[in-house]
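Both complexes below contain chain A, partnered by chain B and then by chain C.
This part shows the complex of A and B:
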């Protein structure tokens, strides 16, 4: 067992493994770059770099197979390779402290990327002047939200990820008498009013606006300035059987309601919401320009932050390079619209945001120490040579001691 | 190559790791409880409440907001329809629906809200043009084919479209206004026979000027 473990560590510390992994990383970057034409930058990041294994669907079939190691696997093995090599080959001495620090910094950089990829969440908070919200909307994730709005005080929400709708299997809602059966799912779609397309086939919808709308499936778009309109027909089943089928789509913002088992539910397909235990209200958005020109000088949002337990109530000004950090979230001034009456804040939750800074400092200190050590050794040798009456590097100067040993 | 001579158990471990990492992972249904929407709005400059002040959310006295019939409580804008317009039952998509009749015929006014991101201006104007038999226009033609109307703190893009008259019939006209507000795109459309819509144009423009945010 011990021999097996040692063999494993030696293989993992191998320089050949380093080279194989670096080659795999290069190939991964190349094929991901080529596929970016089809998928766009965000989907490529998720498929190739923020995955352990790249999975590809076989053309013409619904079968997906793993075909290449993903960024997490290559990066993770590189990290293990680095750590194993470090512990097997480098001896702990003052001379090697700089190298240890540098390698530890690089390892920390790899860990930081893993933490960011796995745990960071990016979202947006859009606020009109005077509006208050206690949630942000995810940049890329979408959800089918079923909200029990019966209670006058609170709403109970069930958030169904779209990957579950794609599978078209019954979905139970925990603690809810309803079950959802996805009938159809389209990653993107266009819409027509039924009166404008009188020959269109009948709609599967029996509830809500879906009865008056014709859905035309569309190819997903990956252009950065366009957004897909994921669309689904879902059947709701209560304890007494089917309640009805509804069209849910990101293209139509208004939630639709229906009643089942004595409760009223609102249904909407929307950007996945991330709720805070505090709220933000936009008091004022400013779009300052240089006097006499239309050149923007500054964008800023004056917001009021209130915690849900009323322990905090204060005003904050968010502007470029001066984000608000609160509750583990960072709010950056990201954009504006609606004739300067609406602000868009980018909301980032990244528990590992400090790791890259720490990694760079450690690597920098390590390199500084190592180079300083080499420099001092060189100066010392230089002085010794001068004191001995020889000029270092000249044809007459003695060779280093190691040379004489051969 | 040393790596390829690794014991079988190492290969098996790596294969198992890959299978584990690519195995089926079903995303769970999340459930949570939230406060009722929308959350109470704030005033940009909060002032101490005067004696006898109206409760929060109460429409101001002496304005048409008192008998605002139109949008549901969830809508972010409100409006006041002209007195001679008759409200119609709301369809599944309509947030407001009216009909008006004059000596030239009957015109229909619809108010619809859709997601702004999926409903660009030009595409929707061309959709309206297609409905009355007009050819689409390009982005370069848009400024000449549309106008801007500033209402009660809101800015609309308006179009006045008249289709080709069918054989023996009257041309159809659309007076349309599009308002982008936050993530919503609001569509106000008055449609009907050319002369009937033309007679209602002043009322329609006055109607647009009453549209304003539901929360001040």
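This part shows the complex of A and C:
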């Protein structure tokens, strides 16, 4: 048994495996990069890198076949390979310190990428000049939000992730008399006014604007500048039976209201909100250009940061290459709209953000140390060879020992 | 033993003297001080630069070269052409400078290749009758995304840009429709106080001189046209203003006169200069150039030192000279393998060192002019890859003395400069950096290290090429040289690994700093990653003794393909956050390069018995 384990570890630690995995990684990166032209950067990440196996749908059929190891598999095996090799062949000597550092840095880099893939959340914060917000909107996640707005001072919000709507099972809202029954769900859809399409089948909706709108399901888009409009018909049931069916879609932002059991609810399908315990107000957005050109020189947002307990109240400038890091979130200047009156900040929460910095320092220093050692050894040998009268390199060009004179 | 001056030293000195000769200030071709005119500063593209640069970049943009011939067969300097385009458009319109490479576009303009200079260059006068047709096609093509445009539509848009560049110049320093702009300005200044009074009176409903009011309105319209059309900001801010960037164009400067009742001095001087150029009066012209020099330098802007250097740099064209010298280095190195090895190898090394110094000076000049680290765009990356590659190769030559480093330095130096010179030209190569790239710290760290990695990869690859070609095609590769080549290549691969790994991770950190994502799987990032992984493959294969000398060298040669793909290929994908733009013809050359490398790799895969230098690979 021990022998078997030992032989397994030896195989897992082999340089041959390293090379196979490195070549697989190269091929994976190349095909993923080429596929970006069709799929866009996000879908490519999910398909090739954040997966164990790359699955390809055969064109013209519904059949999907696995055809290449995915990023998690290749990266994970590389990590195992590296750890096994270190475990088996680890010998601490001054000669090897550089290599150990480098490999440790690379292992850290792989772990860091995994941590980022699993834990980081990207969202956006859009602020008009003068506006204040205490939440960001997720880049990809969407939610069905039901807000009890009966009390003018206090709102209670229930948020349902879209994956629950796809399953079409009744969803109970804790502490709320309502139950939600998803009837139809489309990942993306287009809309027409009912009066423009008189022959369309009747809408399932009995409440809100859904009655005037015709929904046409569409294929999900992956283009960088387009956004899917997830759409659902959901039925609300109160304690006394069905209240009605409503159309909820990302494409139509305004919340729809209805009353049930004496309380008023607002419903919206929106980008999932991430709430902070502080707020940001946009004081000024600047979009500087180089004189006489349209080339942007700088985008910057002057914002006021206030914590909810009023312990902090200060002004911050967020501009290109100068993010604001606060409360575990990082705010980056990402875009603008509305004739430069509105700023778009990208908000990232990535608990592992420091790992690559550390990894970079370790592997860089390690390589530098190792190669410097080799170089000095080489030069020493070269000197010794010259002193001894033999010349390294080609004997066709003997170098006179005296130096420059012919 | 009698000591004489060594030949290699003399060769280096001779080449150095020749290089120094190219650095002198140019002479005027005739009595007009056109070179003095070329030295005058203007603000174009966000940067203060000499008019000479405007002339050269406009010509490169319009016709892909700097040389101009008049219909009568005279050659013009770029500055002379610019003077004609600015002040004598009726002549400049007849020069065949607009490059059109697409026959469908020619058909649209009712032209055939026989009408053009060299079949591809046409005059504005030839294009003018059909501009309306072109406009229609431009409207259509402009609605398509860049990736969806076909070659015809791209050429239509390109021609539109070329025409805009040209017309922007025509409106920059005078009204092209005016017969005598200087006289018109004098008349404007004379009538301005009365006309303003008359206009005020008319607006108040009092009796006024209708003719004067009308004339003033006419000027207003003309100046507004100038303001909207002029492409250069040629008029410096008044000395009282302390914003050094507040240069204005001719139209703005003239409209300002409505408030001050005075036309700014540089406007008058440029008008006088234009009149003198039109009437062929060198004395007045030279006086106007001198006056403008005083006007424009009066602000004492420290950036003017840079424009002076840029003018010299434009004339010296150090990269052309260096390209020629690198050819000489490669030839000397190559011949040294066949005859007089000691002398020729050292001649090659000293000439190579001069060429490398010249590119160093050129890159340093660009850095000073731009106030930027060496690599800011694709063009400067080509210069820098060559600089690093040639420098590393010359260092290897200094260590090994077998002339291999010379040939590598010559080949890399020459080829990268050719790539730089023939890159699709999109305007000034010293353009302003877009907001996210405007960070000297990251440009100096990430971009420089990654580009050094490219350079080292190419050195390793070219060493591999020499190994395989010399080994298979000649008997000159003896075991000692083969050993030396292997060690040189190993050194270069180590260097490449270090710099590409550190550069790639630094790029990730920059990305984390600017958009919060350490790694986004952007094509450019992936390209850098592939280089790192490939170098890791080469090193591990060698350490694990999984490849012999031939395999190791073939892996290094394939590194050329990978580096070229990462450097240029990802720009051709047309996706990604920092791609430099789509390049058609470059793709052909990239494929040709890949193919050539694969052919050599195939040669390298031949069994040792088929190598003419068998001993080198069997050991």
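Methods note: the second predicted complex is superposed on the first by the 304 of 406 C-alpha atoms of A that agree within 3 Å, B and C clash if a C-alpha of one lies under 4 Å from a C-alpha of the other, contacts with A are read in each partner's own complex, and residues count from 1 in each chain.
Going forward, contacts are C-beta pairs under 8 Å (C-beta built on N, C-alpha and C of every residue); 3 or more make two chains touch, one makes a residue touch a chain.
Here the structure is a predicted model, which means the values were calculated and not measured.
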Quiz item: After superposition on the shared chain, which partner residues are touched by A:211: those of chain B (first), chain C (second), both, or neither?
Solution: first
Quiz item: Is A:360 in contact with chain B, with chain C, with both, or with neither (first, second, both, neither)?
Solution: second
Practice problem: Once the structures are superposed on A, label A:184 by its partner contacts, choosing first (chain B), second (chain C), both or neither. | Solution: neither
Exercise. Applying the touch criterion given at the start, work out whether A:37 contacts chain B, chain C, both or neither, answering first, second, both or neither.
Key: second
Practice problem: Go through the superposed model and pick first if A:292 touches only chain B, second if only chain C, both, or neither. | Solution: second
Exercise. For A:16, select first, second, both or neither according to whether it touches chain B, chain C, the two together, or no partner.
Key: both
Exercise. Pick out the shared contact residues on chain A: the ones touching chain B in one complex and chain C in the other.
Key: 16
Self-check item: chain C residues within the chain A interface of the complex
Solution: 3-4, 6-7, 9, 43-47, 232-233, 245-247, 249, 336-337, 341-343, 345, 399-404, 431-432, 434-436, 438-439, 442, 478, 480-481, 484, 487, 491, 494-495, 497-498, 501-502, 505-506, 508-510, 512-523, 526-527, 529-530, 533-534, 536-537, 540-541, 543-544, 546, 562, 570, 573-576
Self-check item: chain A - residues contacting chain B, complex
Solution: 4, 7-8, 11, 14, 16-17, 20, 52-53, 55, 66, 69, 73, 126, 128-135, 152-161, 163-164, 171-176, 193, 196, 208-213, 227, 229, 250-256, 275, 279, 281, 283-284, 304, 337-339, 342
Quiz item: Which of the residues in chain B come into contact with chain A in the complex?
Solution: 1-3, 6-7, 9-10, 18, 21-22, 26-27, 29-45, 74, 76, 91-93, 95, 113-115, 117-119, 131, 155, 180-184, 213, 215-216
Exercise. Would you mind writing out the residues of chain A in touch with chain C in their complex?
Key: 15-16, 18-19, 22-23, 25-26, 29-30, 32-34, 36-37, 40-41, 44-45, 49, 109, 112-113, 116, 122, 224, 289-293, 295-299, 320-323, 330, 332, 334, 346-348, 350, 353, 356-357, 359-360, 363-364, 367-368, 371, 374-375, 378-379, 382, 391-399, 404-406
